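Each of the two complexes below includes subunit A, the first together with subunit B, the second together with subunit C.
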Partner chain A sequence: MHVPDGFLDAPTSIATGVVAVAGVAVALRGARKELDDRTAPLAGLVATFVFAAQMINFPVAGGTSGHLLGGVLAAVLAGPCTAVLCISVVLLVQSLLMADGGVTALGTNITLMGLVGVAVGWLVFKALITVLPRTKASVPPAAAVAALVSVPVAALAFTALFAIGGTAPVETGKVLTAMVGWHVVIGLGEAVITFLVVGAVVASRPDLVHGARHLHSADDLEIRKAAA
Partner chain B sequence: MGAGHGHRLFFHGHSVVHRAPAHLKLVALVVFMLLVVATPHAWWAAFGGYLLVLLAVIAVSRVPVTYIVRRMVVEVPFVLFAILMPFISTGPRIDVLGVSVSEPGLIAAGGFLAKATLGVIASLTLASTTEPVDLLRGLRTLRMPDQIVQIMSFMIRYLDVVTDEMRRMVVGMRSRGCDPRSPRHWPALARTLGALFIRSYERGERVHLAMLARGYDGTMPASDR
Partner chain C sequence: MMKSRRFFAVFLLVSLLVAGVGSYYASSHPDGLEYVAGKTGFGDSAKDSATADSPFADYGVKGIDNARLSGGLAGVVGCVVVLVLAGGLFLVVRRRSDDEA
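Let's turn to the complex of A and B:
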């Protein structure tokens, strides 16, 4: 869910905006390493994919529905820095062209969903991948756990921002319970879909999955001399 | 971008608001919204003033008010939250229509609703009077990093291509008796999304090669209309 205008006060919005700008600047440097000069077209298409995947709603409890956030999915498939850029651009387009998510809350949304969501998810994924056996089969479960963790952590980060700069006199404890409880449910949906999608891509095109790249380095091509 | 490819919210027109440089509109939107967000909750007159300013801009732009109002549905979830706010807030309670609610919560809900509504109307006004090409040029004028503008331009260019591709896949699934909303069919849905990712990524690779073939050197040529 996108934070709208007026939910957090102006100083907090500006501060998260500064954080977002710094984070995106770091991601821009990193993405050049992940994708070299293919960054613009590939990140653009991955961003479009994330946007399209977000259009699919899944039912959550009580007749409401949630949708994929896609941060961890994009990070595992295309690399963490590319994912930060993709999520940020998706949020930028949604806020400027679709009035979805406030313009002053853009920094907050990028910080929460782009930076916190992707960074936490990617760290969890990396940690699991080093622990789990080096096979293709361990990539989807690691991605799923990363997705499951990243969504409530982003909600936790939102609660912290709300405690600092929230404009409603609601007890922080209540916000915490509601936000984290709700996002654990959304995180479960996110985890299942991330697991299945990463599994599907790993099965057919493992070479495209950034999070599975460490698996092919072993089988590089080599030049052998033909027997004379 | 070819003719007739305005995005979904764009309302074709030739008013002063439509013709104003996009970077000025962007700066105006951000400054206006920061002002709105910084306004204390109970200054109702100020919010009324802001609304009048927005309505005046919409009137000058000749975008029908009903066009804007119909697209304000994105705000609905926050309205629900705002209705909940007086009940869960702390502070002294007052009776409204026989129901006990928190007074500061009620004021905060009103202020939040006013700010969020103004935000949605202001963003819709920008979106309905600015074409994506102009928006991108405006962002570039405002020194947005070139890579971000390029990524955004690719996203806008291929938005309809990729979403249409997904829509066709979902139609194909539905016609074979699959319901993408039901968790029982998530494995099929996930394979569809996986295929969509591979198709999008490969499209990106093809686009990149096509760009290289046309002399791409890392910067996009300036597009004049």
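Let's turn to the complex of A and C:
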């Protein structure tokens, strides 16, 4: 869902740029609470994995493809503020080094995939995790559903920006239907990848998973810290 | 439970394999946004990125013709850059164990 330069006009791109800077600033403050000596290395690796996974477009029906956005995956593994930073670093490197996603559109892309994707996904995850049984097994499916929701919501947010500042005269309704429709399907891929990766990490190192923190007491963490 | 060092090594290795090897098998169809833009008629409003001349533009290495090698190398370079930037940032931002929580 990398928005190239040119889709949105300058005022809209500047506005999303301001939103992105503010969001990243808030995330920088919040990430301090999420990261310590044990979890910081995982967070760096999560960003690296999101970059790698975004290189693999999976085919979707009708000659379309999709790839992981990774906001929910990063939020569940490393924490929501850290996830915003992960996605922002990935988008920065993609934009500057790989020419994927426009440079003037960087703020738009951080807003859509970083802020909207992570925030919506994290809220859904938190809501699910409070109603599901308090076990490790609840974490991957909750993450998968959150991931599924996050993709069409990000697509919806793009449509809203397009309605405000799209440079081409295209009916918003047409864009809305197509964007949300296709991204529900792409969201299924997002859900599968998120389920598998979160599942693998929860199975091997549940103590490092931010979205499983509520399952551990402080005593558990002490024991594991000594063992690691 | 898996030792931290081994766990992190496996995580990194998977990422490098996905970017360095797996990416060759990615679908070349347009992604959701690109497809919708083309279908609904705003695809042509896209402009070339200012970084379109980057040596790693479009996930390839300029000058390497072998698609597998070019894409794989660009993927590995990207992973390393992201790891250094994100990893460095998180090491700076984190609470040190000697801090008061």
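Here is the rule we go by: the second predicted complex is superposed on the first by the 205 of 228 C-alpha atoms of A that agree within 3 Å, B and C clash if a C-alpha of one lies under 4 Å from a C-alpha of the other, contacts with A are read in each partner's own complex, and residues count from 1 in each chain.
Going forward, contacts are C-beta pairs under 8 Å (C-beta built on N, C-alpha and C of every residue); 3 or more make two chains touch, one makes a residue touch a chain.
Here the structure is a predicted model, which is why all the values come from computation and not from measurement.
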(request) Superpose on subunit A as described above, then tell me if subunit B and subunit C fit or clash. (result) clash
(request) Considering only the touch criterion stated at the top, classify A:Ser13 as touching first (subunit B), second (subunit C), both, or neither. (result) first
(message) Just checking: does A:Leu42 make contact with subunit B only, subunit C only, both, or neither of them? Give me first, second, both or neither.
(response) both
(message) According to the stated criteria, A:His183 is in contact with first (subunit B), second (subunit C), both, or neither; which is it?
(response) second
(message) Looking at A:Ser138 after the superposition, I want to know if it touches subunit B, subunit C, both of them or none. Which is it: first, second, both, neither?
(response) neither
(message) In the overlaid three-chain picture, which partner chain does A:Asp5 touch, first (subunit B) or second (subunit C), both, or neither?
(response) both
(message) So in the superposed three-chain picture, is A:Val24 touching just subunit B, just subunit C, both, or none of them (first/second/both/neither)?
(response) first
(request) Answer with first, second, both or neither: which of subunit B and subunit C does A:Asp207 touch in the superposed model? (result) second
(request) Mind working out whether A:Ile193 is in touch with subunit B, subunit C, both or neither, as first, second, both or neither? (result) first
(request) Pick one for A:Phe158: touches subunit B only (first), subunit C only (second), both, or neither. (result) second
(message) Show me the subunit A residues, by the header's touch rule, that subunit B contacts in one structure and subunit C contacts in the other.
(response) 1, 4-7, 28, 31, 37-45, 47-49, 51-53, 55-59, 85-86, 89-90, 92-93, 95-100, 102-104, 167-168, 170-171, 174, 201, 204-205, 208
(request) Flag every residue of subunit C that touches subunit A in the complex, lowest number first. (result) 1-4, 7-8, 11-12, 14-16, 18-19, 22-23, 25-33, 35-37, 39-42, 44-52, 54, 56-59, 71, 74-75, 77-79, 81-83, 85-91, 93-97
(message) Considering only the defined contacts, which subunit A positions touch subunit B in the complex?
(response) 1, 4-7, 9-10, 13-14, 24-25, 28, 31, 37-49, 51-53, 55-59, 77-78, 85-86, 88-90, 92-93, 95-100, 102-104, 167-171, 174, 192-193, 195-201, 204-205, 208
(message) Show me the residue ranges of subunit A that touch subunit C in the complex, using the header's touch definition.
(response) 1-7, 28, 31-33, 35-45, 47-49, 51-53, 55-60, 63-67, 82, 85-86, 89-90, 92-104, 155, 158, 162, 166-168, 170-171, 174-175, 178-179, 182-183, 186, 201, 204-205, 207-208, 224, 227-228
(message) List the residues on subunit B that touch subunit A in their complex, please.
(response) 7-9, 26, 29-30, 33-34, 36-38, 41, 71, 74-75, 77-78, 85, 88-91, 102, 104-105, 108-109, 111-112, 114-116, 118-120, 122-124, 126-127, 132, 135, 145, 147-148, 150-159, 161-163, 165-166, 170, 180-181, 183, 186-187, 189-191, 193-198, 200-201, 203-205, 207-208, 211, 218, 220
